[in-house]
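What follows is a set of structures for review.
You will see chain A twice below: alongside chain B first, and alongside chain C after that.
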Partner chain A sequence: MAVAVSERSAPAARPAPRARRQRGGRAARNVGIAVALFFALAPIYWMLSTSFKPELEATQSDPSLLPNEYTMGNYQSLFNGAMPFGSFVVNSVITAAAAALISLVLSAFGGYALSKGNFRLREPMSFLILLTRMLPLVVLLGPLYLLLLNANLINTMLGLIIGYISFAVPFGVWLMKGFFDGVPKEVIEAARVDGYPRWQILLRVALPLTIPGLLTTATFIFIDVWNNIIYPLALINTIENQVLPSGLMLSFTGQFKTNWGGMMAASVLTSIPLLIAFFAIQRSMVRGLTAGAVAGE
Partner chain B sequence: MILPALIAIGVVIGYPIVRAIQLSTTEFNPLAGADPTPVGTANFEQLVDDPIFWEALRNTAIYTFGSVAIAAIIGAMVALLVENLSGRARVVKTLLLTPWAVPFVVVAFLFRYMFDAQSGVINALLMDLNITDQPVDWLVSSTWALPTVVAANVWAQTPFFVLVFGAALAAVPNEVIESARVDSTRGLAMARHIKLPYMRNAALIASLLMVVANFNDFGKIWAMTEGGPGYATTTLVVWVYRLAFTSFELGYASAVGVIWLVLLLLFAIAYARMLRRGS
Partner chain C sequence: MAKISLRDVEKSYGSELVLRDCNLDIDDHEFVVLVGPSGSGKTTLLRIIAGLEPVSGGDVYFDDVCVNNIDVGDRDIAMVFQNYGLYPHKSVYENMAFGLRRRKISKSEIDERVRQAGELLGIGDLLRRRPKQLSGGQRQRVALGRAIVRDPSAFLLDEPLSNLDAHLRVQMRAEILKVHKTVTATAVYVTHDQVEALTMGDRIVVMRDGMIQQVGTPDHLYDYPANRFVAGFIGTPAMGFLRCSVRRSADGDTELVSPGVQIPLPRERAAAIPADVDTVEVGVRPERLYLDQTAARSGTLSGTVEMVEQLGSEYYVHVNIDDAVITARTSRDQRVEIEESVKLTTDGAYAHLFDVETGAAYA
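Moving on, here comes the complex of A and B:
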């Protein structure tokens, strides 16, 4: 609001040549922004539009900008068609939420130790954790597969959650370390002088100060897991037990290869949780930054 | 207190790395039921003579560095364009970030559809504009498949660079901008001589993150082409997956993985050097 007002109250009398030059520059800038917006949003518009088109219209070689005939059929047949889309959703939600929650607890402990702990291997250990973030998951996948095979956990949700945790924990520890770094040492020291035991300092003092960090970390992990396709493809071997990305990939590569309307409807539904998570994290990231700034004073 | 996390990481990462190195010196098909047979360095010798290895290496380089270079350049331009948007116009910035929030499998589906030879909107546009008179077989052509996959990746990744460059631009000290303005530096000259140098470090760090992400990217490529046609879009990650989980040559797959670990480590060291020299 305030900004809009100040824009309107920009000086009315400007020196003419500079105004013209500025106006020219501004026009060029606006064209550039329009082009950028077009490229960013056109595919998303296309997905939405196609998801409401009947099958014939979606496959025609001369595509229509808006559906000539609107249909909800693509969405309906996801839930009562041949593809177990409902199971994909349920499996995705359960495994992603469980993996995010377990990883968050482990990451909070690990991140706190790396940030505030007093032990000799703290620095090299931090670097090691960062390095695991760069590891190619696929190299770890073969041995992990054998491990889960021996434990009879192939094709189970638990096995998949363990797989997810393997890449989520190093990432989470690293993020939480950063958030705990923002908690001033003096606060921890004061609690220690007051005679709190270590785990109580973490639970009662440090964690409440990093709630935005916890939320951000959990959301980051959730997004990472929701996106992952290689673990479910390798660790799950029946279609009903698949999660969204892998299940959709298998379905729309095989049986439903050219069912574009259905593919786009499924895409819309798969994107929604991630879009929500993304916008949620945007706000909490800002809050996390301001909290850090206030604490730093 | 770090023990729970360390144990978790040790079991699910430490063990697999050790096991992968060990498996790389064996021949092992987990479906055959037999135990791994030690073969020494045979896997690595086979690797050097394997044309697919070199093709995968080439594809990985093109996919990784091609995407990052293009996305970083577009991202820098967009960040400069939207830098001074304020008030309600700021919604534009958020809208420009949306591709980042789209799940990888959806990115793959979107580009599979848009670049479909028969029903794709790209071919329809190209033919309407008389750029080509017959449909291009984007994803089933061994020439065009890799560029198409790169295009999808650039679309998904550019917002990250916009965000990072935006933050870097916001950190340029006001005094610097002001004194440049007093010297009547404006527009493109301002962007090139004053702002770009400030974006250098952000560019290095952001591209390191994305290089690693692309190096390890599996979802987009697999959901678009499964590494095909032939091996045209098979990067190292896709190849290891194909070896381990479609032809079940776990020993050979692990050997590729070990080579890859070494490459990644070399890259990380080179990069750390570059970063230190920069600052």
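Moving on, here comes the complex of A and C:
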């Protein structure tokens, strides 16, 4: 009987240090996640908090975490006609959506060609496309400005959309190439054996299999373009043609003071479409990113 | 239905020549198996026939028409891929109907063909499912069904059973043969499994290093291998090889001898060895080696048992003879132990003789 007891108690005693180690590991991991979350969310909290503070409180040297006095004045001021906030929103939506859509179509064709095509310059072309993404946007801006100037497209939405596409497409092509790499070669070849031409294989087989990739690419491009501030500042020269990031900066930043409360209120409203877009496709986006990553291996 | 001919087909990737001097005639309705080890070029040759790879040299003919410049979709072939190649986003029905839609076949005929193929392959009740909802064997049947409904001139099958377990493989082998008998189209089947090749092929094409080594019926390849490679590749367990001297006596008798080995050759076998050759590579099939020493067989081979494989109904006894290991297939009644000295007997009439340098058979 005593032997039986010791046999039962021995296995119970052994896992204890391992369980302690596991608990310790979990705690350390949670602390790490909390620190990362703090750095990611603190600016968002500060943006929200400041957007409800009156002008004096928003600029005081000893800022408080929560507003001492709540005000909606910063939000109301966006729509009182002092600046064309509505135009900024409309311009941003049109240019970002158009750039994302056109870039997505071009990226799908380009990515498919680089992934499944069989032509001599495929590797150098892939590298060249990646190279354009490695260059700072400012470097590309000078030549692009001259091109658009000669085409009379400065201070136009079309010119801005072309500018956005110039940096969005290389990124999109590489993302889409990764997703197309995940489509098995045999599936594409089966469609060839079935008699379909390449463009129909892209439309009927490859694209339906990369829908998460398409959503991911479109979202990344949309966010990338939506947040861009350098191109509209350089390519648009009237306030009413500006988009949100550049328009807000020009409207709220003066020579002697910055209206932090107004800028934060505008930033909150600007972030909402991005958050909606992100949460709407969050699941397929994560799936899409995973598929792309595995395909590259 | 199509007769397929290859004339001096070559394929290179950059400077690397992966196929050369491939000449082959496949008759209408014939089931031909391309077999060889990994990297032998069998899949590349199949893809060239399909039109998925262009040739670097030579010509491919379908019914005496050169198809080098005809796209894969216009060659009227159907292909079954190693990993099935099913469309994951389409149902089983849509997978089979997809190729027919491209050919502008009426909806009613598509429906009839798909349902017929479904019944033939036992997947009639799975037509609404997606590929991910099917087992490996069911997916393989869908891939076969997709090929059958097309009613093509030729079926090309690239290691279609390699992803299935052993039991299912045997079952699907029979299914494929049944389907081939039903549709009677020309079939080219690639495998690295020589058992599959022997059991399925009307003729077998053995490949190695991008070259066709021998083409023949399963029996012909087994009994008359053209070279040492084919002899060693075809047959399970593999043929054993020994290097022996050719000892010719004044009265015209010939013996193969080496330490522990003495095999008298019948005159017609001995006559195949050129007069200036005094060393040959001797191959003996495991079923031609006997532990039963009472039988009247004049060839003897003495060695030490190195390993015994138990297969239930029989044993494979691996015997070391002067550092060469040969395998004998024995019955359950003839148990031997590892390290035991044994004497095997054989008949010189069944000894295969190969050139030591080139490996070519002395026929």
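Operating definition for what follows: the second predicted complex is superposed on the first by the 228 of 297 C-alpha atoms of A that agree within 3 Å, B and C clash if a C-alpha of one lies under 4 Å from a C-alpha of the other, contacts with A are read in each partner's own complex, and residues count from 1 in each chain.
FYI, a contact is a pair of C-beta atoms (placed from the backbone, for glycine too) under 8 Å apart; a residue touches a chain by one contact, two chains touch by 3 or more.
Please read all numbers here as calculations on a predicted model, not as lab measurements.
Using the contact criterion defined above for the overlaid structures, shared-chain residue A:T50 touches chain B, although it does not reach chain C. Legend: residue contacts after superposition of the two complexes on their common chain; A:L140 is shown touching chain B, with no touch to chain C. Of the two partner chains placed by the overlay, only chain B lies in contact with A:L41; chain C stays clear of it.
In the superposition on chain A, no contact is made by A:F179 with either chain B or chain C.
When both complexes are overlaid on chain A, the residue A:P208 reaches chain C alone and has no touch with chain B. In the superposed model, A:L274 lies in contact with chain B only, and not with chain C.
More residues of chain A are touched by B (comparison of chain B with chain C).
Of the two partner chains, chain B is the only one that A:W199 touches; chain C does not reach it.
With the contact threshold set out at the top, not one residue of chain A is in contact with chain B in one structure and with chain C in the other. Across the interface of their complex, chain B is touched by residues 1, 3-4, 7, 25, 29, 32-33, 36-37, 39-41, 43-44, 46-47, 50, 58-63, 105-107, 109-114, 117, 125, 129, 131-147, 149, 162-163, 165-166, 169-170, 173, 198-199, 202, 226-230, 233-234, 244-245, 248-249, 252-253, 258, 260, 263-264, 266-267, 270-271, 274-275, 277-279, 282 of chain A.
Residues of chain B touching chain A in their complex: 1-6, 8-9, 12-13, 15-17, 19-20, 23, 30, 77-78, 81-82, 85-88, 92, 94-106, 108-114, 116, 118-119, 121, 123-124, 135, 155, 158-159, 186-187, 212, 215-216, 218-219, 222-223, 226, 236-237, 240-241, 244-245, 250, 253-254, 257-258, 260-261, 264, 268.
Chain A contributes residues 184, 186-187, 189-197, 205, 208-209 to its touches with chain C in the complex.
If you check the complex, the residues on chain C that touch chain A are 50, 52, 71-74, 77-79, 81-89, 98-99, 102-103, 146, 150.
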